[in-house]
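Quick one: the structure is below, and I'll ask about it shortly.
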Amino acid sequence: MRLTVEDIGKSFPGVTALDGVSFEIRPGEIHALMGENGAGKSTLIKIITGLYRPDRGRLLVDGVPADFHSPRDAIAAGISAVHQERNLIPRFTVGENILLERLPRRHGLVDYGRVHREARRFLDMIDPSIDTRTEVRRLSVAQMQIVEIAKALSLEAGVLLLDEPTASITGHEADALFAVLRRLKAEGKAIVFVSHKLEEVTAISDRVTVLRDGKVAAAGEPIASMSRGRIVSAMIGREERVAEIGERDLRDRTAVLEARGVATALGHRDIGFTLRKGEILGLYGLVGAGRTELARALIGDVRITAGEVRVNGRPVAIASVPEAIRRHRIGYISEDRKAEGLILAHPVRSNVAITVWRRIASALGLVGRGAERRIVEPLVRKLDLKTPSIEQGVGKLSGGNQQKVSIAKWLAAGVEILIIDEPTVGIDIKTKTAIHELIAEITRDGVSVLLISSDMPEMITLADRILVMRDFALVGEIENSRRYEPMSRRIMSFIHQGAEGAAENEPNGPEAAHG
Amino acid sequence: MTVADANEAPARRGAFLAESGNLIGLAAIVLIFWVVLTSLRPGFISNFNLFTLSRSLAIDIVIGFSTMVVLATGGMNLAIGSIGVCAVMAAGFLMQGLGLPPLVAFAAALALGAALGWLNGFAIVRSGVNSFIITLASASLYLGAMLILSKAVTFNELPAAVADFGKLRFGGFVSPLLIIALAIGAALIVLFRFTALGREILAAGANPRAAELSGVPVGRVVIIAHTLSGALAGAAGLMLVARLGAAMPSIGQDWLLPSFLAPVLGGTLLSGGAVSVIGTMLGALLVTTIRSGLLVMQVGNFWLQLFLGVILLAAVMLDRYRGKVAERRSLGRR
Amino acid sequence: SDNKIALIPGGPHPYFAPWEQAAADAQKDFGIAAVDFKVPSEWKLNLQTELVESLVTQGYTAFGIFPGDAVGINSTVEELEGAGIPAAALAGCAQDPTKMQFCLGTDVYNSAYLGTKALIEAMGGKGKIVHLAGLLVDPNTKLRMDAVEKAVGETNGAVSIVQHITDTDAQEAADQKINALLGAQKDQIDGLISTAYIPSVVAAKSLRNLGDKRIKLVGIDDDPIVLDAIKDGFAAGTMAQNPYGQGYVGAYVLDLLAGGGCTVKADAPWIQTPQTAHFIDSGTLLISAANIASYKDDLKKITSDIQSSFKDKYLDCK
Amino acid sequence: MTLGQRLIANEWSAIAVAIVIGVVGLAATSPAFLTEFNLYVMMRSFCVVLVVAFAQMLTLAVGQLNLSIGALGGLVAIAIGGMMEVLGFPIAVALPIGLAIGALGGLINGLLTVRTGINGFIITLATASAFTGINLGITESIPFYNLPSAFVAFGTARLSAFPMLLIPPVIVALLLALFLARTVPGRQLLAVGGNPHAAQLSGVHMNGIVVLAHTLSGLLAAVGAILAVAQLGSAQPTIGQDWLIMSFAAPIIGGAALTGGHVSVAATALAVVLIVLIQNGMVLAQVDPYWVQFLLGALILAAVGLNRLRAVRAGEA
C-alpha cells in the first residue's frame, strides 16, 4: 500500500501544527519521521488515522483520494497506528484490548477462546511473557506499550504508523519489535516510525522525513545520505545555538534544600542531595525513572515515608502544596502544562496572579485588578511574553508563551526554590533558548532551581550539577563540565549500569560522588 | 508583540462582549416575553402579579445561586432542597418551640445550612468521591434526619413579624425578598470578581491540579464553596418561610430543576471555573417569566413542565452554538 | 352574575373528580359567568399558589380551594383578601388564623371516629388495628390520627393501634407500604382503618388478593373497587364524603360573596373544629352492605338542604 | 490470593455478606419474615427497582448519567395505560409500542448528548422535565384505571411465594449480563466508558455506542414502567417519580464507577436485594418510615466509603 499526503495544513487555537506538509510512504519501506517536540509528527499521524480532520490538503491511498471521518474509516482502509499516548481500556484484559473493535464472535457472542488465541499470536512476536488474560491496569508501563504495539500489528494493515513506540520499552523488546518491522517490510508493508532516538532511526529506517515547525525540512531522504549533523540541523533549522550560562562556582553557597535518606510512598529509596542558593541542580533520567514523583514528594504532594528534608537548614515536614509555597517558598512547574500547569480557560492575568492573590488581597479579602496588573505586566515585559493582552485566555497562547506564563507566576510568588519539570517539551528551539536564558537569569537573582529534564543537551547547558535517577533511586551525581561529549557519556554510563554499576564507580554511593 | 496598551483595550472589550453578548441575548428574550405577555394579558403587569412574580423570582434566584457556587468548583449539590428544608424546620422550631426571636432563629438556621453544606464539602474532599454521589446520599440523609426529628409537623405559629415581612411591598410591587436576593447577588459578584477566595474557587473549578500546584488549597476552597451553597440554600428556605408565614417540611423538594436552570441558562459552566452572577439572575427571571406567562396564557398548566424542559434544552444548545461561532471567529482572525 | 369562580383541589386526585360536574351544574343553576375546575399539575403547594395567582391575573373573582397544605395556603389567601377576592376552604380546612371565609367539608375528625367505631364493632370489639393515613401535609391527616386514637381509647385496651402508616395516598407508596405491612404482619392484625382514598382502594384490592376476610377493613370514599369489596365481604364499610356537594354549594356561596352583596355572619351556627372556628359539615355517613344502594340519594338530600338554608343561616346579604 | 483476599477484592462480597447477616437476623427475630406471603411481597417489590437500577447502570457504564429514567417511565406507563384503556389496543400491541416509546426517549437523550456535546446531566434533566410535561399534559394527572384483566392479573399472580412479575426482570438481568460480558456492542459499551479516547482510536464507533447505551437505558425504563403498571393494576402518571435515588443507589452500592467502564449486573442485583431487605426489615421492626430516607443515604455513603477503602487497599487509587 502506498500512502500519500499532499499539502496538509492543520491549526489548533493559537498553533499552526502543520503547514503544507507533503509526504509519501511506499510499500516495503520503513520511513522515519523526525522533528523536535511539537514539530507536528503526532498531528500528522492523527490526520492520517482519521482522528483529526485536516484544514486543507488531502490524503491518497494507492493514488486514490481518501477522506477519513474517524479512526474507523482509516482502519477499514488498512491503516493502523500506535499512538503516542497510551490508549488501552484499563479494566479489559490484554486480549480484549488487542482485538477491541473486532472481537471474534460465535453465534453472535464474543468467542473469548479465539480472542486469547489470536491476541497471543501477535503478542508472541514481541513478548511472550505477557498473559492475554491479565487486566491491562495491572501491567507495567512497558508492558502496556507492548500491548499497544501488538494491537497495531494485529490489524495486519498495509500501513503501520508507530509514534514513539520505543519510548518506554527496554532495548530487548525494542530489538524484537525491529525484527518484526523488518519482516513486515519484507512482506511489502509500509511503515512509519517516529522516534527521538537517532541511533534507532539510523539502524532501522530506509528514508527519513524531518518536520520543523509544521513544515517539511527534509523530504524522504535516503537514510544513508543523512549524517547525524544533517538530521539535527534539519530539525532545529540551524546549527544549535545554546544559552550561555558561563562558568560559576557555587560550592560555598549555603544549602537551601537538602534531602537525606528520603523514601516515599511511591517507592523512592534513600534519596540524598543538596541544592544550593542560586544553583541549577539537574535531575536526569529516562522517562519513568521517578523524577516527577520525587518533585511531588518534595512539595508535599506525595507522602515521604522516611528520611529528612531540610529547607534553609531547618528540618521540615511539608504536608501540602500550599504549605510548600507559602511557608517554604518552594514552587513546582509541572511537566504537563495543559493538565496541571495552567488554567487554560482563564486569562494570563489570573494565571500569573494566582500565586499572589492572598498576599495582595486587602483586609476585606478584596483583590484589585489594578494590583494584579501591577504585578503581572512587568513580568510579561520582562519575560517577553507574546500575548495581545493580559486578558487573553492562556489556552490561546503558543506553547512557549504558555511556559513563560508558568514561570512568571513563580516569579510573582517570589519563590526561593523552583522545581522545573521538563520546561521545554513541545517548545520550539528559539523559545527554548529564551527559556534557558530565563532560568539562568532567575538563578542569578538568587532563586535555586531543581531542573528535571530528559533532554540531554538542555541538561548539560543549564545544570551546575547533575543527579542521575534510575528506578526511583539516585545512581549518580556529577559536576557539570558543560562539555557535551564527555558529560553525556558519563550520564549514560550511570543510567546503563544502574545502581550497582554506579556503586562500583563511586564506592561511597551517590553522595560521595560530590565531595 | 508584547503587551501594549493599544492592544489591551480591544481584547478586553472582546472578552467583555462575549460575556455580555450572552447576557444581552438573555435579557432580550425576557423583554420580548414581557412585551408579548403584557399586550396579550394586561393583568400580567398588575401590581398583584408583579408582586407575586418578584417574590418567586427572589427565591428562584437564591436557589440558583446555591447551585452556581458549587458549579463554580466543577461540582454539584443535589442536596440543596434537603439543606433548605432543614434550615426551614430549624428556624420554625427555634421560633415556635423555643420562642427565640426571628433574627436569632434565622441566623441559627443559616448557620445550620452552612454546616450541612460544610459537611458535604468535607465528605467530598476527604473521600475523594464525586460530589454527585455524596450529595445524592446526603440529600436523602438530611431529609430523613429532618423528618425523623420533626415528625414532619408544620410550624405555623411563628411570630407575626415573619409573615409581615413576606407581605411587605415597596413601590407597590417590589418584595423585600427580591431586594435581599439582589443584595446576595451583589455580594457574590464582589466575591467572584474581587476577592482572593472567589478567584481561588474559580481556579480550583477550572483546573484543580493546576490550582493546587499554584498554592491554592483546593480542598479547603471546595469545602468553602459547599458551605456557601448550604448557607444560600438555607437562605432560600428562609425566604420561603417569610413568604408562607410558616415552616413546613414539604419545602425544597422541587428545587432541583430550577436550581440548575438559572445558572445554566445564565452561562455558568457545568465543568467549573466560570460563573455569571447576573446571568443566573436573568436565567431565573426567564424561568419565572415563562412559568407565570404560560399559566397566564392558559397554555395549560399541565404542559408547563414540557415547556420548561424544552426551553432549557434550547438555551443550552444555543449557548453551545454561540460558543462554537465565537471560537471559529477568533480562529479566523488569526 | 358576572363572577368568575375557580375550584382548585390540592392536586390531581380522584376524590375531586365530582367537582368538575359540580362546577358545571352550579354555573348553569345559578347563572354564574364562569365556574371552572382548575387542577394544579402536582400535589405541591407552590404549584397551587402559582395557579391561584395566575388565575387572579386572568380576572377570576372568587376561589374555592382545597388547602393541600393547611398552613401554607394562608399567605396566598391573605393576599386574595387584600385584592378583594374571597376564598373558601372546600373539602378540607385551612388552619386558623386564616382569611378563608369559611370551611365546607367533611367533619374528618368525626368521620374517622365513626369509621373506627364501625371497624371495632365489625371486629367484635377487640383486636389490633392499623391506621392507613393520607399525606402528612394534608390538613386532615393529623385530625384523623387523633380521631382513630380516641375511638380506640374508648375500648379501654380491648383494641390497640399497632401503627399509623402515613403518606399512603399515592398509588406506588400505598402499594408498597400496604403489601409490605400485610406480608410482615397480617397474622397480628385484625382490622384496617383507612382514612384516605387511595389506601382504601389498595387495601381492598390486597385483601381480595389474599382472599382474607378475617381482617376487617373500613375505608373512606366510594371508589367502585371499595364498593365491590363491601358487596363481596372484603370490607366492612367505607365513610362517604360529599365532594359534589362541597363543590356545588361552595360555588354558590362564593358567587354571593364575590358580588359584594353578602358577607359571612360572625355569629352563625359554625362548628368549632381543631382547625377552624368556621366549619360547616358537608355530610358524613357510613356506607355498608345495608345502604350501599341508597347512600347517593342521602348525600343529594344533604347537599340541597345545605344549599337552600345557607344564605339565611350563614350570610348577611344586602 | 487466598480465598479471603479474593473475597475482599470482589465488589459484591460485602453486599452478599450484609444480605446473609440481614436474612439470618430477620429470620431469627421475626417469625413473619419467612412466611410465604412476606417472601412474595419482598420479591415483588424487587422487580421494578431492579430494572430501574439496570436502566441507570447502562448509562453509568458509558460514564454518563440519566436523570430522565423516572420521567420516561411515567410517560411509558401512561402511554400503555392510555392505549389499552382509551384506544382499546390489545396487550400484545400496547406493550411493544410502550417499549418503543421508552427506547425512542432514550434515543433522543443519546442523540442530543452526542450531537450537542452537552453534558448528559443537563440533557436528561431537561428531557426529564419534557417527558413529565407530556405525561401530565396528556393525562392531566388522571390515571388510567381500566386495564385488561389479564394484564392486571399478571401483576398479582404468584406460584406460592414466587411472583410471576419477577420473570421479566430475571430475564432482563440474564440478557444484560450476557450482553455486557459476551456481545460485541456490550463490550464496546464498557470500552467506551473505560477510556473513550482509546476506544475511539481503536475504531469503536463511540457516538453510536453512547447512543446505544441511552437507548437501552430508555428501553429498560419502559420495562420498569410496564412492570410498575402491572404491579399497581393501574397506569399512574406518578409512576417513576421516586425512581431517581434508587436508580443510582443500587448500581453505586454495587460498585459502579461514575466515570464509566465498570458496572456489575450481579452486584447491582444484590444491592437491590439489600435495599428491599432493609425496607422489609424496617416494616417488620415497625420503624418509623422516615428512617427509610435516612438509611438509604447512609447506605450509599457506607458503600462508596467501603469501595474506596477496598480500592485503596488493592492499590487502585
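Order of writing sets the chain letters: A, B, C and D. Residues in each chain are counted from 1.
In the analysis below, a residue touches a chain if its C-beta (ideal position, glycine included) is under 8 Å from a C-beta of that chain, and two chains touch if they have at least 3 such contacts.
Since the model is a prediction, treat every value here as computed from it, not as a measurement.
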> By mean C-alpha coordinates, which chain is most distant from chain A?
Replying inline: C
> When the C-alpha atoms of chain A and chain C are each averaged to a single point, how far apart are the two points in Å?
Replying inline: 74
> How many angstrom lie between the CA centroids of chain B and chain D, rounded to a whole number?
Replying inline: 31
> CA centre of chain A versus CA centre of chain D: separation in Å?
Replying inline: 44
> In chain A, what residues contact two or more other chains?
Replying inline: none
>> Among all residues of chain D, which ones touch two or more of the remaining chains?
In response: 136, 140-141
> Mind pulling the chain B residues that touch 2 or more other chains?
Replying inline: 152, 302, 304-305
>> If I apply the definition of touch given earlier, which pairs of chains qualify?
In response: A-B, A-D, B-C, B-D, C-D
> Which chain C residues qualify as touching chain B in the complex?
Replying inline: 38-41, 44-47, 50-51, 53-54, 56-59, 69-72, 74-75, 78-79, 83, 95, 136-137, 142
> Contact residues on chain A for chain D in the complex?
Replying inline: 49, 51, 70-72, 74-76, 81, 83, 85-92, 96, 100-103, 105, 108-110, 137, 151
>> For the complex, give me every residue of chain C touching chain D.
In response: 11-12, 14, 17, 39, 41-42, 162-163, 165-167, 170-172, 175-177, 179-188, 205, 209-210
>> Applying the document's contact rule, which stretches of chain B touch chain A when the two form their complex?
In response: 1-3, 7-8, 11-12, 15, 190, 194-197, 199-200, 202-203, 206-207, 209-217, 273-274, 327, 330-331, 334
> Mind pulling up the chain D residues that touch chain A in the complex?
Replying inline: 178, 181-184, 187-188, 190-191, 194-195, 197-205, 261-262, 316
